[in-house]
Amino acid sequence: MKIPVGILGATGSVGQQFIHLLRDHPFFEITALAASERSVGKKYEDVVTWFLPTPMPDFVKEMIVQPCEPTLPCRLVFSGLDTAVAGLLETSFAQAGYQVISNARNHRFDEDVPLVIPEVNSDHLSLIQHQSYGDGCLITNPNCSTIGLTLALKPLLDTFGIEALHVVTLQALSGAGYPGVSSLDILDNVIPYIAGEEEKIRQEPLKILGTLSENHIQPADIRISAQCTRVPVIDGHLECVSIKLKTKSTKEDIIHIWERYRSVVQDMDLPMAPKQPIHYFHNPAYPQPKLHRNLDKGMAVSIGRLQACPVLDYTFTLLSHNTIRGAAGTAILIGEYLTKKNLQI
Amino acid sequence: MKIPVGILGATGSVGQQFIHLLRDHPFFEITALAASERSVGKKYEDVVTWFLPTPMPDFVKEMIVQPCEPTLPCRLVFSGLDTAVAGLLETSFAQAGYQVISNARNHRFDEDVPLVIPEVNSDHLSLIQHQSYGDGCLITNPNCSTIGLTLALKPLLDTFGIEALHVVTLQALSGAGYPGVSSLDILDNVIPYIAGEEEKIRQEPLKILGTLSENHIQPADIRISAQCTRVPVIDGHLECVSIKLKTKSTKEDIIHIWERYRSVVQDMDLPMAPKQPIHYFHNPAYPQPKLHRNLDKGMAVSIGRLQACPVLDYTFTLLSHNTIRGAAGTAILIGEYLTKKNLQI
Amino acid sequence: MKIPVGILGATGSVGQQFIHLLRDHPFFEITALAASERSVGKKYEDVVTWFLPTPMPDFVKEMIVQPCEPTLPCRLVFSGLDTAVAGLLETSFAQAGYQVISNARNHRFDEDVPLVIPEVNSDHLSLIQHQSYGDGCLITNPNCSTIGLTLALKPLLDTFGIEALHVVTLQALSGAGYPGVSSLDILDNVIPYIAGEEEKIRQEPLKILGTLSENHIQPADIRISAQCTRVPVIDGHLECVSIKLKTKSTKEDIIHIWERYRSVVQDMDLPMAPKQPIHYFHNPAYPQPKLHRNLDKGMAVSIGRLQACPVLDYTFTLLSHNTIRGAAGTAILIGEYLTKKNLQI
Amino acid sequence: MKIPVGILGATGSVGQQFIHLLRDHPFFEITALAASERSVGKKYEDVVTWFLPTPMPDFVKEMIVQPCEPTLPCRLVFSGLDTAVAGLLETSFAQAGYQVISNARNHRFDEDVPLVIPEVNSDHLSLIQHQSYGDGCLITNPNCSTIGLTLALKPLLDTFGIEALHVVTLQALSGAGYPGVSSLDILDNVIPYIAGEEEKIRQEPLKILGTLSENHIQPADIRISAQCTRVPVIDGHLECVSIKLKTKSTKEDIIHIWERYRSVVQDMDLPMAPKQPIHYFHNPAYPQPKLHRNLDKGMAVSIGRLQACPVLDYTFTLLSHNTIRGAAGTAILIGEYLTKKNLQI
């Protein structure tokens, strides 16, 4: 008996990725697709502009799109809703007793809402006990650029401490949703600006890497500088990082610590969990979006080019799939974690 | 009477840009095109794979390609030679009495060879008086990423002093020459590595911004960290910079100093000189390669997104045309400067 | 004293091209920019998303956008209006006494409206004497793919007659307007469909190549088959044509006839007229959008690869700039023609 | 016990696709990777520039590259050799008793060499009985553009007969091998020429669709016209076809016949065989390379936009994966067919 789940924002880019990743899922079965007014009551295949490179799964084609109201036939919903509407809608679902795992940014900094990457801070999930949603709850996953970065930082923080870091992102087009970036703006071009993105990268890692005590998260104390650019790549965010550690370390130690990093979720037999969360490549031209974004089901973080930095301590390059690891995949992993821990239903 | 000039490496990407920029030049007339063995003796149009978006000028089509030997009918040569051969060939031209202005990296760190951006360190050109090339001389222009960056740094250095900076480049395809980067490697991709490029950005600005005393250049004392990436853009290098100044400054002062920056070459009526070397854009999504690379004949540096940096002092984004401002255009500007100053012939 | 002109739909892609081509125009001066409700009353630079690779001309930046109503300070208007609104608005301008030269498809098949490529059928302009617009008139230029194709057909029709042709287009992104095609739809992709385009290519050449007798145009009798695709190219439509002539001809004769083709407008000293309307390239890999779209100010048609066809008679490839030759440039050329002929004001 | 197979030209683009498709293959096991001189004796992972979007399989990384000489530990070899060397090398393997299935064009028109698409003309394989290679044999698969096209033609030929057809291809970059097309030539561009390609499309279908009688193939009698272009797409050739049938037919009948088409190989339980060789899409914007190239393991042909043609009878658009269906996948399917039929070993 699989657990019935609903997708909020099912026609959008994250919604499509939820559907793609949940086809044939061993725990979950999609029983409801919800989207905006103009799609409600129609067949999914008639209202969606499917743009994933893998075909639309047959089982969703004939499903009738539901309104985003808390009357869906499931208790767990994954939300790929747009920020413009996610705030109120997600609250209404939680209040009605649904477990909401959201990819939207609206509730990420609510005091009682955990902002979770399962490999990094699954302990923060206990915050939901302090929520006032009755049987329901509201959990968020971080921004797409934040997830890959924070996963790479976690083992360094644990071992050496981190004082400061600077990151320049080269972000993929799918991060802007659909239709998103006009082809006339990005062909033969890069755009050195993504509204609101730099703020998220400066703030979200501090909450994720923060310390839970009782019902409160004390943010981590790291200075983060970010510059974000959009590049003509379909999927996969590349990030150029320079970092200052608290304790000095050798290059070999850092690589060793990354490659050996395992968290509790790697031992729980969760379908979406990568076997090895962080891969280090010694080829100086790696990682690359086209070659490595799909590593370990798109859930691994690929790192390369660790070098001494004349300004801070080290520079390196990291890559992660922005709509899988950076969005729908992490949300599903949270759902899997909750399920295994019997934290729901 | 125009000054006859030769182009070494005339079939390559920088060679083509030399030809494009020197058509109808008021000072110079191309009288010799030199290239490698396999092209010698043939018509230029039959051996070149012209890939500039503007058509090949008619006057070069029928010119017979010469060997790269110091028997060309001119005294000034612009060299777009490949590093593999530039070292010895350029020396042989200088020794034979030619004035060589080179875009290759081979001689950039020779003690007596100036590494010049005319707006920044035209005073370094006096070094050629200490060269042992008789009537000849050897001058180099910097690497494509270095030129735009160093131009942006110069007024900041003069006014505030610079302690350190970190730069991440998003470099265009034309910087890799022709055929250069395979389309299979770069479509839907970025490559976080360009061999030798990070070293150049760490070292070249120090010589350019260094102090000339007698016949010696004392390098500037700035810590520079660089990470270089290749992106699917035809022309125009974008650079994301974070910088630590010696004297604190306001954002407004920095912008003011950039916009007002003029050097001696802006007053000399040189055809290749930009009217305003540095443009600051207040639109947060600017500068962009496609929109701004051709500003002021491709010789201007475009800057935007100056922001406080939580790690160093400020971050900003800059853009310059890599084969014009970053290569052939700067070399020609050096030639124009020498001509106006009667430093040659 | 220049003639004042207005631009309808000034913020759109064709509107931007009108502005670009009319900066420093010897006949015309832009005195009014008109656009939709949401832009009216604001500065042009604040409402437009300028995406041409050349900077926005200074003189339009501060111009206040007007409503698309026939109260503009000019008598000649170039319309880049969208099909959704062009029908009624253009009629209202013509009725109010404006000369309207339109790029929209709405009125192209009105009985009394000429559909004009000046080099092909400037005689059709006499139709406007039969219009019921009083001092005003309404003239249309053809679809972007049609213009280049029909120009290539005209000399063949005159000399050999044409029975049938088949064309496959590879059309540029700028043809879809802005924002137009989503980058997620077209990066690493081509789309074998452009709504309504095949119909235009099958019908428009028949009217343009038709015969004017009195106040009526007898369409040409040619069977045309078309398949249209969208490709990731910014500007420049490529068309693969196979053609069946009425009189057999040699390859050399056809090329000769194309290269020698001149029309009345080539002798009238019109600023927008190409010197040579049709260029034939013998390089088998030519023409290419990136290399040849800007030939002769973007107003030339480039042709190559003429070969015997085992099914019809000959195949060849042609290229023309879709927003210059295929839209704004041809409209301006019509305006120049009218001006020189004193057919207006 | 799997059958040991060798890959000739293992480092090239088709070679990589062979390796990718043969990982975990139920019939075959790669026991030898052979390539050119400069790679021989080295580990595969050290000499290959792997550019497929899926990671290099682990089992090939440490394999030592062998010379392309008939001393490989296997009897069946798949050849992805370059045309420049394939002719003699493949003959030498066949003469030494190897079964050679080749993707190169060299032997495709040898009288006794079958040119095979298993779904279309597996009966032609009996030609190998007339070869003079002893225990060895030599079989070829067709050109990448030909395979998809000919599969679409086969059921039409069988049912209606075909008089003539015209095809314009929009071919992917991977068809040119690696490094292949320079990014500077194809970004923001299309190239209307691929050397030798049009000839292959005009000739190869005639042999494939020809009739075998005794030891001789009588070519089909169809007039084929082809124009080939290269577009900035990584994988997947799109073809715009117009066709004249011998017997008139309705659109519905044609679609029905395509969708119902099955060949003998669909009933043989061959791992590489598509379940349904031809898919027809009713969405007017389909098929598209990015969306449909991987359909049915990359072995299906996708068709759409069937319309009446004013010049011939019908136009339609087809798509197939050029390095899977159009090269390595079809070669492997030939190998699987031979194996099941006990035509080897």
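Order of writing sets the labels: A, B, C and D. Residues in every chain begin at 1.
Throughout what follows, a residue touches a chain if its C-beta (ideal position, glycine included) is under 8 Å from a C-beta of that chain, and two chains touch if they have at least 3 such contacts.
Everything numeric here is computed off the predicted structure, so don't read it as measured data.
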Of the chain pairs C-D and A-D, which one is connected by the greater count of C-beta contacts? C-D
Please indicate which chain is farthest from chain B, where distance is taken between mean Cα coordinates of the chains. D
Let me have the rounded angstrom distance from the C-alpha centre of chain A over to the C-alpha centre of chain D, please. 40
Set of chain D residues in contact with two or more other chains: 51, 187-188, 232, 234, 290-291
Name, in rising order, each residue of chain C that touches chain A in their complex. 13, 51, 173-174, 178-188, 232, 234
In the complex of these two chains, what residues of chain B are touching chain C? 50-51, 53-55, 187-188, 290-292, 294-295
Residues of chain D defined as touching chain C within the complex: 164-166, 168, 170, 188-193, 202, 223-225, 227, 229, 231-234, 238, 240, 242, 244, 284-291, 304-305, 309-312, 315, 317
